[in-house]
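We just call them A, B, C and D in the order they show up, numbering each chain from 1.
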Amino acid sequence: MTDLRTLAKQDDQRPLLCALLRDFHRLGWVSGTGGGICGPASEDSLWIAPTGVHKELVEPQDFFEMRLDGALTSEPAGLRPSECAPIFLAIARATGARSVLHSHALSAVLAADGRQGDTLIIEGFEMLKGVGLSNTEKLSLPVIANTEREYDLTGSVSEALTDPRFSKAHAVMVADHGCYLWGSDVMEAKKHAEVYHWLFEGVVARNRM
Amino acid sequence: MTDLRTLAKQDDQRPLLCALLRDFHRLGWVSGTGGGICGPASEDSLWIAPTGVHKELVEPQDFFEMRLDGALTSEPAGLRPSECAPIFLAIARATGARSVLHSHALSAVLAADGRQGDTLIIEGFEMLKGVGLSNTEKLSLPVIANTEREYDLTGSVSEALTDPRFSKAHAVMVADHGCYLWGSDVMEAKKHAEVYHWLFEGVVARNRM
Amino acid sequence: MTDLRTLAKQDDQRPLLCALLRDFHRLGWVSGTGGGICGPASEDSLWIAPTGVHKELVEPQDFFEMRLDGALTSEPAGLRPSECAPIFLAIARATGARSVLHSHALSAVLAADGRQGDTLIIEGFEMLKGVGLSNTEKLSLPVIANTEREYDLTGSVSEALTDPRFSKAHAVMVADHGCYLWGSDVMEAKKHAEVYHWLFEGVVARNRM
Amino acid sequence: MTDLRTLAKQDDQRPLLCALLRDFHRLGWVSGTGGGICGPASEDSLWIAPTGVHKELVEPQDFFEMRLDGALTSEPAGLRPSECAPIFLAIARATGARSVLHSHALSAVLAADGRQGDTLIIEGFEMLKGVGLSNTEKLSLPVIANTEREYDLTGSVSEALTDPRFSKAHAVMVADHGCYLWGSDVMEAKKHAEVYHWLFEGVVARNRM
């Protein structure tokens, strides 16, 4: 298996996305065909994983190429793009991120259970430095309500992205569901994914003590 | 190791079942020779794993072929078919499923501890979509009492399968024991297995908070 | 890596013991050079792992051969036999077991925290069948006090082995320490190890709910 | 993959450090580019891992060589040495340790949450023997306050290293952050890492019961 470091340097980021999906599946973040991922395809397009498939088994040729304006420029036969696609695009356009993970981790759901109103506050952890804060700052993450169809989340996600209360967030939590989190490129999204999930486990564990 | 995607496409589903048993053992679902699995052998027969063996070490030639009417059509020397066999057949006949997992996961036992009467209710999770519900629906799973001999569960399982309260269930829980869960084919059973176990962990974690 | 099934059939059981130590280390049962294992060498002797070494890195040539009467018949240079050796021999002589695992699993310590007097009672789990009981029976495991030197446990272990209250036990718990557990051969010890650790996690989880 | 035992015997300890970082990442001790490690380079210098990189992907050529007096003697292009470097050196000079791990494990943070004043007391575990105590002794670990910049921890770490209350400690805890822990060489640091993290999980679990 080629390691992530080698894959990260390749022009084609799809093998890297596949390798991360395998890791994230092992960690329980994309179980049962859930979750999704995207990464940069070109200056103005993203590779988007298909929906309804076992994410750890996705192969490079399964990705859809979608322009940031929503046009599909390449479409594998027999697959449908992730329902997250409009959300991925909204995040990419609003934040400049080029890689987004949609996680179904239980820790994300349990952390969001501890929200106050529409906000999850995380504080008192050195790991906050891993997502761009000081360890003495409070991280405010938006928690939006879940909907019956995933694309109906797009409006709430877009609102959260421009809400000044959440200016330091690289994640939008969805109650009872999971989260979207992102980075400027795939490896930063991986880093943020590890840090956010650590923080989710941290707040859940402290709530339990 | 050939990956699950390749194995899933092969006519002979036994190597796929073996690979899943290795994964499920690592996840703690078939520890200590416990649990079991079956998958389609032909139009009217199933491959059924042997009993009393380390499930992660099962090899293709160890499977029994059993017709849906219960007749054994192939029998490896020195092994006995899973005690679950009559239950697997009952599920296959009643639901049309062709792959059933019998899980001994602790999370299934702990989730069933939270039953109300003979029913475990799971609600408030996006992951419900992974087993055919809306996220706003309540999933009602039957919880039957355990018995001293596994085949004595067959009657209660059969009753649960026709109980209209459980029409959306792809699983029967057995108190203090684990669960049976299924899919139309092996890969759907794998998907359901991941989703149900996620949900079991979810309800247990929420009960603890 | 040769699989356990092949290794189990070899006359020389040391490669099998090494493979299990790797698995048990991954599971957290023999962390930090702790724990130990033995298996059959001949009719009247055992292979015993060395002490003070990283257990997951033990190789076949590192094992001591010790007769059931305590005489060392083969001794690798530069190593010392496990301090558990007298306990392993006591268990082998009293029970007929030819493979013993000494586990330092946290779950064993936490389960023993729930003892009543000198006994840990486990009941209400199907998994009891995996260690020779009916699911309706109570398993009574002896819990002995820990000592400053491991070999000082030998007397208490020997007493527990002949105590009629513990006639169904394949394990002796040591408070604050872990447990000794055994099987007639290495693969039965592996099976019992998986079942007992599952049960330890089960009683701990139920105590927490 | 060459095993740890072979790597441990090589003059160049960097491949061993890389292998351990992969293991520690899998265990959640160095997630999201966090944490760090060092090992002996020569009589009076250490190999120190770079900062701001995915620790499980570090390769031998990425290490900085730093003399115990703080002089950099080899510096890979495009990387910066770990911010822990001054702390690693302070520990090496004060204790004679030649390998230090900086862990961001959640278990370390949660264990330190249970401190009394500036001390975490761990007692009542056989595993204490793995870090040089008797099972009947109390281990007192220093817990220092976190700071906005990691190198500002150096003073508090140095004070803790000479505090007679902590003479048996091979670790300094940092509140809300993690810990530094060490051994005379890399394999002893690995052993201590496993034992301390086991103990952290142990005290956290007992606090929860």
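Criterion: a contact is a pair of C-beta atoms (placed from the backbone, for glycine too) under 8 Å apart; a residue touches a chain by one contact, two chains touch by 3 or more.
Computed from a predicted structure; not experimentally measured.
Novice: Applying the touch definition from the top, give me the chains sitting in contact with each of subunit B and subunit C.
Specialist: Output, common partners of subunit B and subunit C: nil, no chain qualifies.
Novice: Farthest chain from subunit C, going by mean C-alpha coordinates, please.
Specialist: Ranked by distance of C-alpha centres from subunit C, the top chain is A.
Novice: As a multiple of 5 degrees, what angle does the CA superposition of subunit A onto its copy subunit B give?
Specialist: About 90 degrees of rotation relates the two copies.
Novice: Specify, for the interface formed by the sequence copies subunit A and subunit D, whether it is same or different in terms of residue numbers shared by both sides, with half as the dividing line.
Specialist: Answer different: the two copies use largely distinct residue numbers here.
Novice: Starting from the mean Cα coordinates of subunit C and subunit D, work out the distance between those two points in Å.
Specialist: That gives a centre separation of 31 Å.
Novice: So what's the Cα centroid distance for subunit A and subunit C, whole Å?
Specialist: 44
Novice: Touching two or more other chains, which residues of subunit A qualify?
Specialist: In subunit A, residues 208 touch at least two other chains, as defined above.
Novice: Between the chains shown, work out who touches whom and classify the graph as line, ring, star, complete or other.
Specialist: ring
Novice: Provide the full list of chain pairs in touch.
Specialist: So, checking each combination of chains, I get A-B, A-D, B-C, C-D as the touching pairs.
Novice: So in the complex, the part of subunit D that touches subunit C is made up of which residues?
Specialist: 3-5, 124-127, 130, 134-136, 187, 190-195, 197-198, 201-202, 205-206, 208-209
Novice: What part of subunit A is in contact with subunit B in the complex they form?
Specialist: Touch residues, subunit A against subunit B: 28, 31-34, 54, 57, 59, 104, 106, 109-110, 113, 146, 148, 174, 176-178, 204, 207-208.
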